[in-house]
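Two complexes are shown next, each including subunit A; its partner changes from subunit B in the first to subunit C in the second.
Up next is the complex of A and B:
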């Protein structure tokens, strides 16, 4: 019976001198999954990836790949391949030789090498470039060759270290979808490292949010976005309004929170306690601004400015306690509004998220 | 634009002037003298003559000496390469000891080669340190002839020119992007395969540079043969010096110099052609 998990990290810690890059991390990666390690630079995500590849040895803990402890397996014997941030295509070899490198190391027959390289090139849509040197390719093409060079070996796990970081926005968006489709059609387990939260949300089956060498949250993209479990996750993923508040009252299914003189409401949950200090987050697109008070109104504030960003308009509101709040509106209904006018903000209590740290 | 070009040339002018005075003018002079007529005792008659070249080509001695010089220098260069590469590789990976080790490689430059070769006489001599030691431990009964052989010449050249090989190779290994090595390892190449398929090809520019700057001075050196063979063996450098200073035959000396220069350029060219045939663009 084959295991449900392709990669398992068991309580791994990595120290560089006195600095702890990864701290007692546990993670199970499912077979055929597209998993993203997401976090700011220095959060330990690349170090984690390098420990799976074997370039770094964990100070403590174990890495398991396909049910085998790999501590004693050198990187060149591991059935994983990496797409490097800088691509690292061999400059002295042409496209064909680059892609064939891994197969030749395994002493694959000449005809098979030829065929598999062609297929890999077909997958990345660069069939006509076999004789080019990496230098003669654009950044996007080099990226595709780097992917082809890795997947041609049929690895059990493909590790990708910010592979799209050097591409421009449009190409990056296109490559995100291509990579996702590639992963679905090949069925290879992908572990993807990025600091770009939008990229993570677009591509991943599951996202691991990391901070200071630890996992903050593991979940489906919408869980990470809609139900962040910590201030760090809420803040890091997307834009949000975070309020420091105190639980002031329970009424029915709702809890009332006091944000320094302003009261808002959120669904009650079992962990909340009276007079406890917590954070509440509400996404800008979940809130609504009106010029008149309605029965849903939760807050009132003064209109400060609006920023047109194309698909939406961001409305900045100053609350009575001096804090600012951002609300996104798809249609700009606030024609003629002037700075200083009073406006009303509402949202569904269910759309707000409360967490402790 | 024109202003910038002028500025560029004026910035270059000191070095251009230097090259003109100390490289171009001497070569032209030597070339001209090689085609003049000898008056005997160092005099030059400015009449066109190919006599010096005829002497050089017709006497098998000169061609033999030039051939020997190339063979010995080439052997020394190859030995230097085999010694220097592992050493340079070691230094490049020595972390905090790097600078100290490079300093140790450089220190011999602070002393003239002549002086350093005297040390080898003390070592290699019939009554020298090595023979003395071997006799004392009973390995040999009669002293070995270590000096006066081509091996001593090659040894002297290896000793003298090794740093010329180490430094460019070190710098190319040092500058090698380590992610290429990780990429190779990631793709299933063990350390030995990685070394031969990635490290060596990517440090080839350093190897080439080291080869040229070792071979060129080695082929024309004359102090090594003077000191380690007591002038019993000669290289083309000795012959040229003697032509100028002892025979007072400037035409022959010049002609041999020109021949040597052509042969060196030719062998460097052949060597580069041979090692970079596959990847000209990458190397140049």
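Up next is the complex of A and C:
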């Protein structure tokens, strides 16, 4: 391997009639990495994946897989395999025939097919199911067979299109970890499409956040979560409080932001300008609510309600300007608090994130 | 369900089935009747079956009908399936219109097809014979095949074909290993429908066939004008049995491939 990239998308655009699904997108996927395309439905993530698989041909741009330009190459000539959202197991074939399909297309010898199918089944822990028809398997089992059917071909890249979407929550969590471990042990490059941000954060080496056919941000999971570069990313990944504000003053290492009459502070950075309109985001779990003013207090507001969700308690506070803010507390210290009581909100200025639009 | 309702439903269902099957059963019974006049039972005999097989006109017409039905079925099944594939898979200008045009032959009265063909043959100065029967039969059966196959394809997950290509199968392999096995029950049902429609088609055959190449329904029609012959009863009995066997066989085949 000479290049460090397994898949490179160069300026690809895909139009369906008048609609642009993917717009001048550039992306480099490293060899052996687990990359997730994350975004809401209709953001172009599945179309991007389908262009790598070859089911869609880009209107413009180049698709490189392992240093070969494949934009116009048919899917059956590409060394990638796909795990489909609906599993797409062949209903008229049993488990063995399903998994062996790709190998037989490549005219692999009978003994080798046998051995590789067994190994693939072992990897997904379904060795005893060779003779079952897909209909006789549960959703989770079908999913494992679909994965086995793809990895048995030793693809250079495995493409996964929301493969866990149809499973229940508990099974999904379990499969997320299994897939992650499988990817690590096989060392195959995975490109994973999902709209579930938690899933993306759990599994990925890197995350590509997409919106309206474009990439909003590419980064490590913690970068995407902690340092979103746009309002869309901050809003889409996890829960957050976003405030529209104006830069009102610089003092020392900090910038003061005016949120319609309420002033907060954030670390200064080079791009901020005086009187500029920006957005500030603070995650609910980074903020703290107290009944008395402390030296860290940034805001005061009135308590509205508490929502107990198990691991945390969500506290909803109304700010003097009428906006609401959510704070997550692990331990609920606000015993006996009533709606309308005055409370104080604090956070470390370093935990806030500021971005433009 | 109330006992009374149950009883009424039972009686009603029985009556419907009697309505379906009693005439056929009577016809089959009289094929073993010794009397030449169909209405009185005089004794049991197999002689009509014997004379049936020595009746050259009947054997000849059965052969004609079978040749026409088999060839019609082959042509209609291949082209009906191809048309269904095209309509299902591709988008092209005028697709809706073409799809609609395929439905017309199903609802258009056979007599119109027959008269139109006869006029065409007259205009082209074609001598009528067994060959002139095929076009009419193919024209009416191809639409049935297409409709049945399209219905089957509607339930087919398009990502199955993509999955096959993803695993290295080219278009040809994808069709024969995935698409065809999955639509096969529809193709078989369409073929069976085409075969039975062609076999008992009367109007078009009557208009477009020539002297000496009568199909079975045409021959039966000309024979019964002189009164129902017990040989026809015998022939009908054989056909009913063959068709029952065929339906059972294909029914099994379809449930296996599902």
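Throughout what follows, the second predicted complex is superposed on the first by the 355 of 357 C-alpha atoms of A that agree within 3 Å, B and C clash if a C-alpha of one lies under 4 Å from a C-alpha of the other, contacts with A are read in each partner's own complex, and residues count from 1 in each chain.
The rule is short, and it goes like this: a residue touches a chain if its C-beta (ideal position, glycine included) is under 8 Å from a C-beta of that chain, and two chains touch if they have at least 3 such contacts.
Everything numeric here is computed off the predicted structure, so don't read it as measured data.
After alignment on the shared subunit A, the placement of subunit B and subunit C results in a clash.
By the touch criterion defined above, A:101 lies against subunit B and subunit C together after alignment on the C-alpha atoms of chain A. Of the two partner chains placed by the overlay, neither subunit B nor subunit C lies in contact with A:182. Once the two complexes are overlaid on the shared chain, A:133 sits against subunit B while remaining clear of subunit C.
Touch criterion not met for A:121: it reaches neither subunit B nor subunit C.
Of the two partner chains, neither subunit B nor subunit C is touched by A:353. Shared-chain residue A:91: touches subunit B and subunit C both.
In the superposed model, A:149 lies in contact with both subunit B and subunit C.
53, 55, 74-76, 80-82, 84, 86, 88-92, 101-102, 105-106, 149-150, 153 are the residues of subunit A that lie in the contact sets of both subunit B and subunit C, per the superposition on chain A. For subunit C in complex with subunit A, the residues that touch the partner chain are 157, 159-160, 162-170, 173, 177-178, 181-182, 257.
By the touch criterion given at the top, residues 53, 55, 74-77, 80-82, 84, 86, 88-92, 101-102, 105-106, 133, 149-150, 153 of subunit A touch subunit B in their complex. For subunit B in complex with subunit A, the touching residues are 177, 179-180, 182-191, 193-194, 197-198, 201-202, 279, 281-282. Across the complex, subunit C is touched by residues 53-55, 74-76, 80-82, 84-86, 88-92, 101-102, 105-106, 149-150, 153 of subunit A.
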